[in-house]
Each structure stands twice: as C-alpha cells, then as structure tokens.
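First chain A sits with chain B, and in the next complex the same chain sits with chain C.
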Partner chain A sequence: MKQNKKMIVCFLTPALIFFVLMFLYPIIRTIVMSFFKVEGVSDAVDTWQFVGISNYQKLFATSIFQISMINMGKIWLIGGIAVMAIALLFAVILTSGIRFKSFWRAVIYVPNIINAVAMATMWIQYVFNKRFGLLHSMFAALGLEDLAGIDYMNGSWKFWSLLIAFCFGSVGYFMLIYISGIERIPQDYYEAATIDGANKLKQFIYITLPLIKGVFKTCMTFWTVSVVGFFVWSQMWAAPQASDMQTITPFVYMYNIVFGTTGNVQRDAGMGAAVGILMAVVVMIVFFIVNKCVKDDDLEF
Partner chain B sequence: MFGKKNNKEKEYRQPLNLRKEIKLFPGYILVGLWVAFTIFLLVWIVAASFSTAPEIMRGEVFKFESGFHPENYVNAWTASNISGFFMNSLLYSIVTMVCVILISAPAAYVLSRFTFLGNRPIKSSFIIAMSIPQVMVVLPLFSLATATHLTGSRIVLILLYIGMQVPYTTTFLMTFFQNLSRTYEEAAAIDGCSPMMTFWKIMFPLAQPGIITVGIFNFMNIWNEYFISLIFASSADTMPVGPGLKSVLTSMQYTGDWGGLFAAVVIVFLPTLVLYIFLSEKIISGVTGGGIKG
Partner chain C sequence: MKKKLVSVLLATAMIATLAAGCGSGSGSGSDGGDSGSDSGSAGEITYWSMWNSTENQAKVIQEAADAYEEETGIHVNIEWKGRDIKTLIGAALDAGEDIDLFDDDYMRMCQNNTKYLLDLTDYAAEDDLESHIMPIILEKAKEWGGGTLYCIPYQPYTTGVWYDKDMWEDAGLTDADKPETFDDLLAVCQTLKDSGVNPMTCNSDTTNLLYGFQFARYIGQDAVLDCYNNSDWANVPEAKQAAEDIQTLFAEGYMSPNAPAQYPDGQNEIGFGESCMVLNASWIPNEINQNTGTEVNFGFFPWPSVEGGVDGPEASMVGAQSIGIVAESDMTQEAYDFAKMIATGDYDLQMAESVSSIPADTANTEWPAAIAEAEPYFKEMTKAYDWAVGLETNADIKDILNDNIIKLCTSEITPDEFISNMAATQ
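The block that comes next holds the complex of A and B.
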C-alpha cells in the first residue's frame, strides 16, 4: 500500500505541475488582472491599479471590440449551421453503406492535418485570387464576366470568403464525431424500422437524430471553442495588416491591444485579460444553454 | 493507400448490389465533389510549386511549358529560410511528443487504476482544461516567461507545448489503461516486481497502440500550432513553420516569386500529409477517442 502511495505521488506530480503552471495559475491571474489597470503584460503586480469593472465597460464601449464580437457571432451562427449541417449530411452518407468509405472519410479530414497558414495561403493565393484564382478562371470559362471580376479578398466579400474557407476545413472534424456517434447506434434499430416500412428519411429523423443528441452537444461545445479561438485565419485574411474590420475577432483584438506592434493602438493588458474572461464566459454560456436544451435521457444502447 | 480497411467494410464491398448503389448515387455525387475539390486544390498547389511565376499568372500550371522547376524548392528551402523554420518545428514536435508521453502516461495510469483523494477532481480539471480558450491563459504565461528570463528561447516553447498537450494526452490514455486487465499487475506483484517497475516494464508497453496514436496526434498538433509560437518565438531563429510561412508569404508578395511561395507551402504541409497518408486510420481514431464522448 505504501509503495502504491509513493507511486501515485511520483507519477502524478509532473502532470500536475504542468497543469497548475499552464492552466490553474494563468486562469486565476487573468481573472484578477481583468479588474486592474495594467499597461504591459509583464508589469509587476504592485504597479497594477484596481479599477473594478471599468475594463469591461470600456471594452463594450469600444467600437472595434463591438465589431469583433459581431464578426465572431456571425461566424458562430452562420458557420455553425453550415458546418453542422454538412458534417451531419456527410456522416449520414458515409455510414449508409457507401463504397470506399475510408477513402472519402480520410480525404474530407485532410484540411485538418494541414498547417492552417498553409491552408489559408492556398485559399487566398489560389482559390480567391482575382488574377489566376480557381473561382476567377471557372467563372471566366463559363462566360460569367461579372462573377469573374469579383475580388473576394476585398470589401464585404472578405468576410464571406474567410467564412467559406474556415468552414470547409472544419467539416471533416465534426463529421468524424458524428460518424462515431452514428456507428454506435445498433444496426437492428434500422432493420426493424425497415421492416415496419419506414424510409431512410424517417429513419434519420426518428432514430438517428434522437440517438445522437449527446454527440450534437459535444459538437456545439467544440465548435464554440474553435470559434472563440479564431485567430490565424483572421490574421491571414487581414495580412499584411495586423487586423481588418471585416475579419477582426475578439482574439485578434486582444492580441493587438496586448502584443500589438502597430503604433496607433494603445497597449492595455488589463483590457486584454477582460477579453479573455469574456471569451471563457461565452464558452460557458453556450455550454450551459446546450446542456439545458438538449437533455440527456438515459438511453441505453 | 489510406490504411487497411476493417472487416466490416469488406462486407459492404463484396456484393455489388446495383439497386442499392443507385439509391446511394446522390450521396456519391455530394461526397465525390467535395473530395474532388480537396484533391484538386492540393494537386494544383503542387503543380504550381514546380512552375514559374508567369505560368502561374497565366493560369497554366498543368502545362509545364518551360519544364519542371524543382529549383523553386531550393529557393524556398535556402533563400527564404524555410529550412530553419522546418528544423525548429521538427525539434519542437519531436521533443514535445516524447516528453508529453513520459509525463502523461504515468499520470493516466495512476488516475485510471487507483482510487485516492483528488482523483475525480483531477480528471475533471483535465477535461475542462481541454476547452479553455488560449486567450484566457496566454497573458500570465507571457509574464511568467519574462519573469524567468525564458522569452525568446526554444525551451519556453517546448515547455508551453508540453503543458498544452498534457490534459488531452492524459485523458486519452486513461481509457487505454482502463481496458488493460489487472492480472498483469497481480502476476508481476507475485514475482516481486515493484508497482513502478510493473508500470514501465509491463503496462506501458501494453498501452503502445494508444501511445502511438496520441503521439502522432501531438506531433501534428505542435507542427500546426500558430498562436503560441507567434507570441513566444518572435525571432526568426526560433520560429516554427506556422509564423515562418507567414513571414515568407509577406516577403514573397513583394518579390513576386509565386513558384517559391507555393513550394514553401508544400514543404510546410508535406510532413503531416505524409504521416497522414500512412497512418490515417490511427489518426482518425485519435480524433474520436479519448476526451470525446457522447
């Protein structure tokens, strides 16, 4: 018994040290920091000035932050509906007994294993390129000169081109989660339904959907986490600038006010911390709502 | 090409049922178009990486009128310092991958095998940690790095990467140790092997399939990481491929070396793509294993 105790301590300590240093301590410090006026990130604690909730008030009054929140909301809602729908559709198709299933599945997941900077470069420099891009040459070949002339990397198009590229890459990941959920449903449910005369659509609505509710919950949480962490795509679309009003997200805004090198933004680490807290609150709210709305009934299968 | 198929899928393949295939036709079309687009995108980039800038501008990357141009790769590798970024990424990914396993596997083992005070809270904190947005932890980490004078070094990046992957890896490996039979430990105890030796000599090798999966997964995650390295590796010497490629992109837009740019893109995604082509089944099982339940 004594030997076991020694082993538990020895085996657990390294992981716990990393956990405390990488998560516990930073979270607490970020929460505290968000209530103080702090200019530079690494300023000593005794230079911090307690300001209550004024960091949050200032944030909500800042128009750039408002825009970034709206952008994030649009990505979450519109992108979320598109990604969840396409991912679920593909998951259903791939589990319907289609041939070469592993091949399709593997290729659809490919964008997730490619470095996001490389992926974004392909989209920006090739698909959306206004001179030799895929969309340009496709529309030009079809004789649609108006569509061929669109610059997807400018103006209001910028947000949509970003959203399309980001969603394209996300589908594979959520598809895998849906597939694993669907494959856990016993096959005899469908056989029984087929015998009773239910068609594929009915089977999907009355068997598949109710039984993957739990998976949907997981997907919503993961989607929210990934939208809150929306950073590299936004930066790539704004390049060579640090950010762009069309594509800015709270994460990018935080980066600009804390680590920004462009002169016009005033540095404010306290406000940056407040952004971090707000993002965590967003994730928690979504998690809470999803858990309230989608009840886990204790289905055993 | 994409790993071995399991038996269940072989069953589907044997009889070619035409009526069933026709019913599935719309499904084939949708998935086929999506997949064709993905493959075309990659093939175009590879073709462009062997072409010259004028050819790319004219949209004629598949003709190779002036022949192949592998020198694009030489240019990207040497002139724009992709080699440096590549080596950094390789170092970060491999060191992190090994260290995370050495830290997480023992932790996962005791968490899944023994009941003790704090077991449950630790497990749930690891699960919560997996969905903590990076925005929330990055500021204190930066001040911590400044306070310990580690900013700008390679060590700080490796330590951060290890910390980032520990919760996921531990949670993932717990399910593997849970499924191992306790008789191994009992037999080892009778033979007089101490619990710690039992772990390293018997249990750790037995969990190998899980360890390999999670290791590859971590390797890819670190290879593709962007935000942490953007903040903590500000100089070109310590930069990994993510921010490195972005800096190449900025400079290449002025030089107009499109072939070199696409060659750099290919160099950056090739390692993970090659790993994926050989190990896609394992990697995909890593996505849906571990923390994801539902």
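The block that comes next holds the complex of A and C.
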C-alpha cells in the first residue's frame, strides 16, 4: 500500500504541477484581473489599477452586453428546445429498428465533422444569399415574391438565420448521445410493455424518457457550455465586421473589448476578464439548476 | 524492487518529456525570435507581418526581403501572421519574443503599441524620411504618438465614391456632372436611374460609411464623435437630418434593390454592370475587378457636401498600414532600413501596382490606373476622418448603430425611431 502511495505521488505530481501552471494560474489571474483596470491582456501586474467591482457594474449597464446576453439566452432556450427535441426524436426513430440505421445516423451526424467556418459559409452563401440562395430561388420559383425578397442576412432576420444554421449542425451530436443512452435500456422492458399493450408513444413516455434522465442532464450541460462559448458562428454571420448586434454573444463582445476591432483601438482586458468570469458563473448556475431539477435515480441508463 | 525502479524511471521520463515538450514549445514559439536574436549577430532580422503569404502585398515584401538580403547579407525572417497580428503581437512582445519589426494598421500601431516601439524621429531625420510620407498621414501618426513618430506608414488609403465611368457616360453624364452637393448627388442618381441602372449600391458592412459621411458633412467629425460617445442624438438635429438623407437614397430607388447586400455582393454589382456607384475605400476598385474578373474603368469623386454643412471634399477618411521597429531589438538600424525599403521607392510602387493602392512614397507620383482619379482630390485633402468617421471607435455602441442604420436603409425604422433607439443606448 505504501508503495502504491509513492507511485500515485510519482505519477500525479507532474500532472498536478502542470494543471496548476496551465489551468489554475490563468483562472486565478483572470478572476483577479476582473477587479482591475487592465489595458492589454499581457500587461505587467504592476500596471493594473484596482477598480473593485466597477467592471461588473459597467458591464451590466452596457446596452450591447445586455443584448449579447439576451442573444445568448435566446440561442440557449429556443435553440436548446429545438435541438434537444429533434435530436431525441431522431434518436428514438433510429433506435426503433429502422432500416439503414447506420446510414441515417451518419447523414445526420455529418455536419459535426465539417468545420464550422465551412458550414457557416455554406449556409450564408448557398442558402441565405439574397440573390442566389436556395431560399430565394425556391420562393421565387414558387412565385412567392415577398418571401423571395427576404434578406436573411440583415436586420431582424439575421438572428433567426444564424439560429437555424447552428441548430442544424448541432442535432447530430446530441442525437448520438441520446442514442447511446437509449440503446443501454434493456429490450426486455419494451417487450414486456408491448405484451401489456403499451403503444410506442406510451413506451417512450413511460420507459425511455425516465430512464434517460441522466443523459438529458449531460446533454443540457454540453449544450450550455457550447452556447456560452458561442463565437465562430457569430463572427461568421457578422463578417467582415467583427460583430453584429443581431448575432453578438458575450464571448464575441469579450474578444472585441480585449483586442479591439477595425476602427476601434480601445482595449479593456479587465472588463474582458469580468465577461469570462460571468460566463463561468452562468455555466455553474445552469449546471446547478439542472442537477436540482433532474434528480439522479438508482434506475437509469 | 525492479518494478519500483521501472516505475520511478518511467515517472522521471514522463517529467522529462513534459519539460522537454514545454521547452520545445517555447523554443518553437520563439523560433523566429531566437533566430532573430542569435542570428542578430549572424545577420538576421525577424519581421512579423500582418499579411498572409498568399497576398500580393506579401509577395512584394518577400521580394524586398530577398533583395535586402542580397544587398546587405542580412536575412529577413518573415512570419506571416495575417490580421490576427493585432491579437498576437502584444502578448508575444510581453513574453520576450525576439521580434525586430512588425506591421499593423497605423492607428492601432500608434495608439496601442507605442510602449514596444522605437522612437523613429532621429532615424527619420537622418535620411529625410518625413519628406517621403504624405503630410496628412504623417500628421495623424505623430498626433496619435503624442508628437513622436513611432512608425513608417505605407499603403495609404482614402475613401470616396467610386463609379463605373462607362456606365456614367452611357447615362449622358460627364466629368462636369460630378456632384459637389448632396442635391447634385440626388440629381445624378435620378439620371442614372432613368438610364436603367442602379445608381448606387453598398454592402451591409459599410452602411455606417454612408451615414457617417453624411453626418460629418453637416457638423464635422469631432461633433459627430461627441454625439456618438455621449448618446446625445436627440439634441443634435443634424443626426436626424443625415438619417433622413440616407433613407431618401433608398426610398427613392437610388440604391440597388439588393442593398445593403452581404459583403461582397453589393460592391460586386459594379463589376457585373448592374450598379454604378459605391462609397468605399480605395481598395474597392481592385477588389471588384478581382472578384468579378472585369476591368471596370473607375472614376472617383469625394462624398458631396451638404447645405449648411461644415465639411466638404477637403475632408475624407485617410488610413494606412504601418511598420514599427521594436525598441528592444538589437538590430534597430537594420530593421529600420528594411522597413523604409518596403515603404518607399521601387517596392512601394510595386506594391501599389500589385493591388491598385495608393503609393505611400510622395516621390512615387504615378498612381495605378484604377484609382488614378482620386489623386487630385487626395492631394487637396486637409482634414482626415477616421474609418467610418469614427463611428466604429466605441465597441459598446458601434454594433447597435450599425444595426439601426441597416434598419433605416431598409425602412424597418423611421429616422425618428433611429434617433430614439440611439439615444436609448448606453
């Protein structure tokens, strides 16, 4: 046992040292930085000016940060409902004994293996383009001129075009997680339910759903983390601008204020750190709420 | 015992590998830097460039570097960082990366990076560099540097209305019809519209240029920025007037029905022969020709003045890229010489020709044909606006403003709603 302890120390120490250096130090530095006025992200500590919680106060009073939080909230809630519902539906269909299951699973998952920049470019240029896009051409061919004239990449439509494209690419990932959960449920339960006369819907509601609560919790956590870290899609929709009011998210705002943008040389790494901390808090709150709402059961898969 | 020994050896090996990995990481990170430093004595300078290696500017710079090496024996180690240089350079220099020179937008260079940069005043005085830099750009660079010259500006650009001269003439217009006032512009638009083309077009990312120019023509850039930064929109009647003017361009059908279009669809309409004019920077003729595979015969005029306004064609946006020399470099003279080589003389001219941009060196008087019409106006310019008349200088407001301008253009909101939306912004 003594020997084992030494071994544990030997193997864990390097990892621990590197964890502290590579993760803990930046985390602590970021937390501290969020209470200071710091211009450049790598400025020496002796140039920092303590400002208390004013970075946080200013953030909450800034219209564009509020807008970015609302955008993020809309993506999380509306996109979350859509993605989770469609992913679960596909997962149930694909685990119901459908033919060519592997093929369909691969087709639905494909968007996940394509680079986000390529995916966004495809949607922007080939689907939403005001002159040559699929939607424009389709509505024009149907004689629906009003619909054909919609500009999906400007004004109020811009957010929804982004949300649709992002959700489309996200479904496959969560579908796979649901499939793995559903496939672990023993078939005996369904057979017994079928013998007892339960139809597919009842089997889904009374067997599948309760037994994949843990999977749902995992999906919610992953979804929250991916939405809080929403960055590339937002930038692609705003390009060549750095950001856009309809699609800006807190991380894009953070990037803008930490590094500046074209025409804007003002930088505020302290405020950027405050955004980062707030986002971490958001993830923790969601994780806490999901854990409270979805209780762990002894019987789950 | 044997097992224990093997385990300890493995653990040691793991630590050594991790340490070596880190060592090599920092080594490779500073590859250029180290080589710059070590090779400082061995004749090498390290240059972090804002260009990507495939861009025409990069090709000219590489040629200059090769020629410089041949001439002096000093190798220029170029690291093509692309536009991400703005996020990389500060942290790299703070971490001790050995960089001798780098380039970036001259506004950012003078306002964000001066703590890393060498004061070039003496170097410039010694070989009369200042006489090669356009006065209006030199003045701005010094103003931002607190009276000190910290960079060598190159590849300047200006902004104004670029138009297809053939389309212009087909509509019966001549050089004498170039609009001097906003009312003249509306009349020109009507003539072009009557000839069956879209008079103007724009991308959605540059609608703030339209609004910014119109607003600044009324009250000047300083007053515009005062209104912008203090959310004083409701108390500046010209803000609403400019909004009404811009909405008129769209409502009267003087803008392409696709405008404001997703970049670069709007500007490309000129190359496709659908629209005649676009307000944009001097890189736009080259972009349009490249994107559409055409050779449009471009004309130019500055954004017109307005009745009762304070600014006219003497005021326009002026920008440039610039090269800064790192103060900590141990080869500052060599870095300066190379930077000057890029920004002046033959290589400046070569770069201007390769991307149809304005030559930086005042001694290079031949402008590329695509932008040649802007030359007389540029030389008469006495007032320099920032990009978008400064309407992108505040990260807290710019996105809200852009969104409202686009809604104004598409008539989703009225000028009154535009003003009230902006006044509510904090």
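Assume the second predicted complex is superposed on the first by the 274 of 301 C-alpha atoms of A that agree within 3 Å, B and C clash if a C-alpha of one lies under 4 Å from a C-alpha of the other, contacts with A are read in each partner's own complex, and residues count from 1 in each chain.
Throughout what follows, a contact is a pair of C-beta atoms (placed from the backbone, for glycine too) under 8 Å apart; a residue touches a chain by one contact, two chains touch by 3 or more.
The shown structure was predicted, so the numbers you read here are calculated from the model rather than taken from an experiment.
Is A:137 contacted by the first partner chain B, the second partner chain C, both or neither?
First partner only.
Now for A:166: first (chain B), second (chain C), both, or neither, which partner does it touch?
neither
Looking at chain A, does chain C or chain B touch more of its residues?
More residues of chain A are touched by B.
Output check: A:111 vs chain B and chain C. Expected answer is one of first, second, both, neither. What do you get?
First partner only.
Can A:41 be said to touch chain B (first), chain C (second), both, or neither?
Both: A:41 reaches chain B and chain C.
Touching A:156 in the superposition: chain B (first), chain C (second), both, neither?
Once the two structures are laid over each other on A, A:156 reaches chain C alone.
Answer with first, second, both or neither: which of chain B and chain C does A:239 touch in the superposed model?
The answer is both, since A:239 touches chain B and chain C.
Should A:127 be classified as contacting the first partner (chain B), the second (chain C), both, or neither?
first
Between chain B and chain C, whom does A:10 touch in the aligned arrangement: first, second, both, or neither?
Once the two structures are laid over each other on A, A:10 reaches both partners.
Please work out whether A:101 is in contact with chain B alone, chain C alone, both, or neither, and reply first, second, both or neither.
After superposing on A, A:101 lies in contact with chain B but is clear of chain C.
Considering each complex separately, which residues of chain A are in contact with chain B in the first and with chain C in the second?
In the superposed arrangement, which is not itself an observed complex, chain A uses residues 3, 6-7, 10-11, 14, 18, 41-43, 131, 239-240, 259 for both chain B and chain C.
Okay, in this complex, where on chain C does chain A touch?
The contact residues of chain C facing chain A are 4, 7-8, 11, 14-15, 18, 86-87, 90-91, 94-95, 105, 107-108, 111-112, 204-205, 258, 260-263, 265, 386-388, 390-400, 402-403, 406-407, 410, 412, 424-426.
Within their complex, state which residues of chain A touch chain B.
Touching chain B: residues 3-8, 10-12, 14-16, 18-19, 21-27, 29-30, 33, 41-43, 89-90, 93-94, 96-99, 101-111, 113-119, 121-122, 125-127, 131-132, 134, 137, 171, 173, 176-177, 179-181, 212, 214-218, 221-222, 225, 228-229, 231-232, 235-236, 239-240, 250-251, 254-255, 258-259, 269, 272-273, 275-277, 279-280, 283, 287 of chain A.
What residues of chain B sit close enough to touch chain A in their complex?
1-3, 5, 9, 12-13, 20-21, 24, 27-28, 30-31, 34-35, 38-39, 41-42, 44-45, 48, 56-59, 103-104, 106-107, 109-111, 114, 116, 122, 125-126, 129, 131-144, 146-147, 160, 162-164, 166-167, 170, 194-196, 199, 220, 223-224, 226-227, 231, 241-243, 245-246, 249-250, 253, 258, 261-262, 265, 268-269, 272-273, 275-276, 280-281, 283-284, 287-288, 292-294
Under the touch definition given earlier, write down the residues of chain A that touch chain C in their complex.
Residues 3, 6-7, 10-11, 14, 18, 40-44, 61-65, 67, 124, 129-131, 151, 153-156, 239-241, 243-246, 248, 253, 256-257, 259-267.
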